[in-house]
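Read through the structures below before going on.
In what follows, chain A forms one complex with chain B and a second complex with chain C.
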Partner chain A sequence: MIYVQLVVSGLLLGGVYALISIGLTLIFGVLRVVNFAHGEFLMVGMFAAYWLFQLWQIPVYLSALVMLPAFALFGYLVYRLVIRRTMGQGDAVQIFATVGIGVILQNAALVLWTGDFRTIRSAYADAIWRVGGVQVSVPLLVAFIVAVAVTGLLFLFLNRTMEGKAIRAVVQDPIAAMAMAINLDRIYLWTFTIGTCCVGLAGILLAPNYPIFPAIGISFGLVSFVVVVLGGLGSMVGALLGGLIIGLVEVFSGFFIATDLKQAFYFLVFVLVLVLRPQGLFGQRGAEMVGFGRLV
Partner chain B sequence: MKRAGWVIMTGLLAGLLGLAQGATASNHEVRIGTIFPMTGHMAFGGNEGFMGTDIAREIVNERGGVWGGKKIVFVPADAPDQTAATNEMNRLISRDGVKLVIGSYSSAIAFAASAVAERNRIIFWENHGVADPIARRGFKYLFKTNVNATGTGGGAAVWAATYLSRTLNIAPKDMKVAVVWEDGTYGASVGKAAFTKATELGMKVVANEGYSAKSPDLSPLVLKLKELQPDVLLVAGIGQDAVLFWSQAKKLDLNVKAVVATSGGWGVPDFAKNLGEGANGVFSSDFPTEVNPQALTPKTRQLAQEFIKRFKARKGTTPTGNAWLAFSGTMLLFEEVLPKAGSLEPESIKQAAFSLDLPEGSMANGCGVKFISHDQFDGGKNERAFAVVVQWQNGEVHVVGPEKFATHKSILVPLPKWSDRK
Partner chain C sequence: MMAMRDWGPRAALVVVLALVPLTTSNNYYMDIIVQVFMWGGAATAWNIVGGYAGQFSLGHAAFFGIGAYTSSLLFIAFGLSPWIGMLAGGALSALFALIIGYLSVRLRGPFFTLATIALAEVLQILAIYWRGLTGGGSGLLVPFTPGVAAFMFESKRTYAYVGLGFLLATLAVVHLIERSRVGYYLVAIREEEDAARALGVRVLRLKLLAIVISAFFTSLIGTFYAQYTLWVEPPYAFSLELSIQFALMVIIGGLGTWVGPLLGAALITPLNPFQRAWLGAAASGLYLVFYGLVLVLVVLFMRQGIAVETRLAFRRWVTLRRRLASG
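Coming up: the complex of A and B.
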């Protein structure tokens, strides 16, 4: 029974990682901007859910409806005020700009809400399904299902809609896309906004599962970078499967070998994949040189 | 016109110099550096530690300050990690010219910051960091007012082998114990002390596991412990990892008969605030909080009450062991050491500190004071500092052992199963 429990726990954890990574891989894949403030965006989402629940008892899933437009606006502003001005300025400018946003957000949270850690305490947050001898956390299961659903929806969006196809065109060849009258700036704006909404949603869904504090984004942010590179830059399916692989590796190595080495093990898998398949599991070979090839 | 310009310039410069003089020097102030992790992972503890330190400053200044009316002014530094601790200490010493620094909530910060103080030959007054190696580097400018890891970690094992053994009716040699610790400077040192003591006492140690306090998930650790079915957990967590571990233990149905933590994240108000009823019954071999007033001298009894009142007014909660350490250690410095030293010169402070010989109950948290000579093992450590055992009861921490200091009786031994809790 313990094996089943380990697989369930690994998949649920992987779902969490995937959910966080989807927005990052989208922004990474299209804008080629490494958003180092990604973890802090997640933290903002978690605090948003916490305060909506704490102040007005708004259930977590309902707060997603309220907060998604707010996140869209937030993404819009961050793109317009900062990211847009760093496009084409070189890696160093983008790194410092996004790290700067992260530091500002983290410290603003600290000033506003102190360094105390908080949890959403409700019957829902503690809900458990007991299937046989296996414990399944309901909020984690929901996060997992949403991760799969968001991946599917983005897949459909990118493949079936004109806007999605335009985004893919920009990924394959920005110059040619511009020649086809695709407004690059608009595509970047759209993508950054969608990516921000994804991570905001992730923050809201994870809020009932983890202690919330200003520095929580650091740990999750690091894992999501591993997931994105492992899955292949810009690949939605890669982010999902990459997340699940990291989750399973972490739980199994932590259980069978040593808990303090679990991160070392998923980094080992990460290094192995990069050596054997530098483009990641679902990335296209040479994508890092000529563009990211495909975005599915 | 040209002349007028010069006059204005000179006047402005003189004004600026005067302002600068007022801002830095002043003969009516005693400037002391403080270093705490005010931001980052340990911010909750750092801020609480600073608050305890600052309440001591407030009380002493209200009573007239030191050395015939000089007010104490803090020059604060924020050190979220060890690199920042080193940089900020250099800043405090070279730019701000402080000659004494109080810290630091975290063993890791204490470790790094005290090394800079030592190089610059200024006193580092540590009220918190428990890791044994802090005072085992032969430093000559370090004073550590609190108990060390051997006291808290070892104390946890002793509590399990004595009180819990009796209450649960399991002989120490039959008691299955799991030792779990975060793998930073603090947890590794406390975990090692707990493991060593449990082994010495002949207990069945079924696990000795480290984990990263920054890990966003601890489910593999919880599942491993669930398989091993220990009777008692001895745990050293530093921050939110304590909440994460215990809430995942609940979700994954890890049931044990008792938990003895070693302060850190298991002893701060946020632990109970986040876990609610789930926190009740958890023991912690911890720094003394509000001890039995009978164990204090009349002077410190009044001081302890004053501290509780002011802390509640600022934070809205009763102070935990961490805040008590900060307050008690800083009051000791301001009320006993500085008046005797007469200045911030390191040699004077050393002489004053080593001259102290105060019985138990002399510090606000019930400890006594006798610093071990810098030439000896554990040099600079207060040998009369001790750990007590506290327990979470209805959202508050109460001292339950040893009997002399206890204010409350233990509850929930053995701990009910999660399925039987509300």
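Coming up: the complex of A and C.
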């Protein structure tokens, strides 16, 4: 029974990780920009949920709907003001522009809301659903379901709509896409905005389950890099499966070896993947260099 | 790259630096001077990999931490002089750099950066986990027993000169690298890795060399830090913030320039929040918001950093003045 419990916990945690990582992989897949501020975007989402709940008692799942336009605006501004100017520039510009955004967001949160750990006190935060002898945390289950749903929706969007097809065309060959009258700048803007909304949503859904403080973005950001590299940068399905694998690795190593070391294990997984199979499990070979892959 | 005519300004800078600690006996200002030398040395070491070879490591805190812990642990456990412990730490860092480098030099751009972040995180987690050895999250206190052999001094001015020694040693190594074949190879790798490889540059070997040299000196600065503050803790000594700080100073000062990292350190350190704990978390956060903003603005609008941009501005001004003079 303990194994079933561990697998269930691992998969639920993995779903959370997948949800965090989808936005990162989408942005990388299309813009070829690794957003080092990704974890801080998540932290902003968590604080948004916290304050909406604290000030106006808006339930977390409702605030997800309220906040989506705000995240869209946030993504729009970050793209317009910073990311756009880094496109086609060297590694130094791309890496440190987003690192800088991360530093700004994390410390702005520290200034505004101090470094205190905050938690959302609500009934469903600790809601547990018992099936047989297995315990399932309800908020994590919701996050898991949303992760699968978001992946599914993005899949449909990319495959069935004209905009989605334009995004995929840009991924395959930006120059050819441009020749087909696709506005690259607009595609990048759209993608960055959608990716930001995904991670903001993830932040809101995680808010009931985790302590909320300015530096939490660092650990979640690192997890999402691990997940995305494992799954293959730029691959949606890879992010989902990579998230599940990392969730399982964390839960099992935490249980059998040492809780304090569980993160060390998935970082080792990360380095091994980077070294042995840098394209990840589902990424296209060479995607980690400069080449172009496919999203779905 | 630099020609022989740079000897003059560089020698002059060294003289000026040597005079700086004599200008004050105020402990507060002296502390800033010590820190400028210390962080300037660390940034100069980072610049070998980040600036010259163009490989942006955000895991250099690992080498800093290894240096700080190795010498402090050897001193506390066996009474070994930190001067020797420092070399042991340097050797250990160089070895670790060889491992990190071997695993990650094939990765390019942000992937190299991610791998270095992950490896430094692993070390941080291990340092917190092995409480018996490292003191865990609460850190390690080095007992204050002043003396030359113990690498501890009563006066901050002495620390300033020792720190200056470390800084100058690092600057001297970079000076030599700049003038050697290795320096040109590294820049070739930075500018166009594939072309450099095609021309016969042994890319992987040279990247490894750059990381190892850089790690060794970062580790020495780590020991100096431990001897100066007499306290090391994993959440700081192995932190991503620290790695970002090294990179930040170099980028603001000028990537791949000799004087840039020191310039960056001199600009950043006086406002360093870590020495202003009395201001509280909110105020130090405000400084870091400012640094983040500066980082973004510099990479977007002053790509070459302050050292190069200033030189260019000066040249433009000289040309303009000549033109005006000649009518």
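In this text, the second predicted complex is superposed on the first by the 286 of 296 C-alpha atoms of A that agree within 3 Å, B and C clash if a C-alpha of one lies under 4 Å from a C-alpha of the other, contacts with A are read in each partner's own complex, and residues count from 1 in each chain.
Basically, a contact is a pair of C-beta atoms (placed from the backbone, for glycine too) under 8 Å apart; a residue touches a chain by one contact, two chains touch by 3 or more.
Fair warning: this is a prediction, and the values are worked out from it, not measured in the lab.
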item	value
Clash or fit, chain B versus chain C on superposed chain A	clash
Which superposed partner A:R118 touches (first chain B, second chain C, both, neither)	first
Which superposed partner A:V34 touches (first chain B, second chain C, both, neither)	second
Which of chain B and chain C A:Q263 touches, first, second, both or neither	both
Which superposed partner A:R84 touches (first chain B, second chain C, both, neither)	neither
Chain B versus chain C as contact partner of A:V93, first or second or both or neither	second
First, second, both or neither for A:Q5, with chain B first and chain C second	first
Contacts of A:K165 with chain B and chain C, given as first, second, both or neither	neither
Which superposed partner A:R277 touches (first chain B, second chain C, both, neither)	neither
Listed stretches 61-69, 79-87 or 133-141 of chain C, narrowed to the one that overlaps chain B	133-141
Overlap of the chain B and chain C footprints on chain A, listed as residue numbers	106-107, 110, 114-115, 214, 218, 258, 260, 263
Touch list for chain A against partner chain B, complex	2, 5-6, 9, 13, 16, 106-107, 110, 114-119, 121, 126, 128, 135, 137, 210-211, 213-216, 218-220, 223, 250-255, 258-260, 262-263
Residue ranges of chain B touching chain A (in the complex, touch as defined)	38-44, 46-47, 183, 209-212, 214-221, 223-224, 227, 239-240, 243-244, 247, 250-253, 270, 273-276
Residue ranges of chain C touching chain A (in the complex, touch as defined)	54, 56, 58, 103-104, 106-111, 113-115, 117-119, 121-122, 125-126, 128-129, 240, 244, 247, 251, 255, 281-282, 284-289, 291-296, 299-300, 303
In the complex, chain A residues that touch chain C	34, 36, 82, 85-86, 89, 91-97, 99-111, 114-115, 214, 218, 222, 225-226, 229, 258, 260-261, 263-264, 267-268, 270-271, 274-275, 278, 288-290
